[in-house]
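Each of the next two complexes has chain A plus one other chain: chain B in the first, chain C in the second.
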Partner chain A sequence: MIELVAITDGTLAPEAPVRAVPFDGLAVLCAPAAEGEADAETLWRREALLEALMEQGALLPVRYGTVVADEAAAVEAVSEHRDAFARALARVRGAVELSVRAVGPADAAPAAARVHATLAVLARDAVRLGGDEQLNGAYLVERGAVDDFVAAVGRLQREHRGLSILCTGPWPPYSFTEAG
Partner chain B sequence: MSEGAVAQREVALVDLVDRLLGGGVVIAGEITLAVADVDLVHVSLRALVSSVDTAQRQGALPRMGEAL
Partner chain C sequence: MSREKVLAAPLDGDLGPFERPGRRLPGALGGRIDADPESVERGLAQLVLTIVELLRQLMERQALRRIDGGGLTEEQIERLGTTFMELDRRMEELRDQFGLEAEDLNLDLGPLGRLL
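Let's turn to the complex of A and B:
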């Protein structure tokens, strides 16, 4: 069994045991399927792998735990979405994902909305994910604009004392894998 | 790893789990790993998120940007 790790444009050269399996101008990166329970260290190893691959070029992470029988099955699973993947890769190329969460009292919802709107302007794309927080946002930010984005988060924290704002990243574009 | 670095990693782990298990390309019908085990991790980490605010007020966790 092999696990699908990421979709790329075919130029990335992963190190063994990860393999780039080409399909129609793109490639699906495959790794031997992990055995046993996924603990935090397993997840961090996957993150480190994706981050290293991102240094080589654009990629779309595949949902963790996506396992198929072999490389032929991998190609079959991804081929029908080829054009959507190509568009999504163009969308994320040169950008990283930043996470911003804001927690606070129930009446802080308008402030959280302002935080999101302000940050969305600085991003190539933005989405509010579900969750219990007042804001659980993902922002697709140009690599060169990450410092400016983080500085803006700092300013927003000072402006909105009722919220506790936490920014993490840069992440692979987990939240921006749709064609958009 | 310093105490602060561990705290940052735990906070970032919430975002990592959300992304690895809730984000990424979904290929229908092919997710066959032991997701139930992972879901337990997920639930406990969501609980951590709701405690972040309190922890920050106590100065135990980094504030904005510091987990970056």
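Let's turn to the complex of A and C:
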């Protein structure tokens, strides 16, 4: 059994045991399926793998636990969405995902909305994800603009003392894998 | 959370509010029975009554099917009806005794939905 790790544009050359299986100008990166239960350790290892790969080129992470029988099945699984993947790859190329979460009292919702709006302007794309926080946002930020983005988060934190704001990253573009 | 992924932290540096406890797959009893010693008796009663209630509902459905099938005499149907009314009443009594509502006698089976 093999696990799908990411979709790339076909120029990326991963190290063993990860293999790039080409399909129609793109490639799906496959690795031997992890055995046993998924725990935090396994997920961080996968995260480290994705981060190393994204240093080499644009990629779309595949949902953890996507396992197929063999490489032929992997190609079959992804071929149908080839064009959507190509569009999504073009969108994330040269960018990383940053996460911004804000917690605060219930009446801080407008402040959280302003934080999101301000940060969205600095990002190539932005999305508010669900969650218990006042803000759980994902921002697709160009690599060269990460420092400015983080500085903006710092400013927003000082402006909105009622919120506790946390920015993490850079992440693979987990929240931007659809063509949009 | 891995600290090295933090790019900007709150002014007080407190990441506590952002911690997400590892979410485990909900067990069949997850969240339904409290292990607190004071409520464990109630929890056990809840579990037992849930199973009794499940059996009662299954029997009732089976009986209705047989009635619909037409294989029972008037007298047998009458007796079944009385039995189920009696069972229903007893369940209500037991629920009251343990301070449980009808909706407490259900188990959240996570991805499978509700038991009853």
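Just so it is clear, the second predicted complex is superposed on the first by the 180 of 180 C-alpha atoms of A that agree within 3 Å, B and C clash if a C-alpha of one lies under 4 Å from a C-alpha of the other, contacts with A are read in each partner's own complex, and residues count from 1 in each chain.
Here is the rule we go by: a contact is a pair of C-beta atoms (placed from the backbone, for glycine too) under 8 Å apart; a residue touches a chain by one contact, two chains touch by 3 or more.
This is a predicted model, so every value here is computed, not measured.
With both structures placed on the common chain, the touch criterion links A:W44 to chain B and to chain C. Looking at the shared chain after the overlay, A:A123 reaches neither chain B nor chain C. When the shared chain is aligned, chain B comes close enough to touch A:F85, but chain C does not. Residue contacts after overlaying the shared chain place A:R161 against chain C, while chain B stays out of touching range. Residue by residue along chain A, chain B and chain C are tallied for touches, and B comes out ahead.
Comparing which residues of chain A touch chain B with which touch chain C, the overlap comprises 40, 44, 98, 101, 103, 133, 150, 153-154, 157, 164-169, 171.
Chain contact summary for the complex, chain A toward chain C: residues 40, 44, 98, 101, 103, 133, 146, 150, 153-154, 157-158, 161, 164-169, 171. Across the complex, chain A is touched by residues 1-2, 5-12, 14-15, 17-18, 22 of chain C. Chain B meets chain A in the complex at residues 11-13, 15-27, 30-35, 37-38, 41, 46, 49-50, 52-53, 56-57, 62-65, 67-68.
Within the complex, the chain A residues that touch chain B are 1, 3-4, 7, 33-34, 36-40, 43-44, 46-47, 60-68, 77-78, 81, 85, 97-99, 101, 103-104, 129, 131-133, 136, 138, 150, 153-154, 156-157, 164-172, 174-175, 177.
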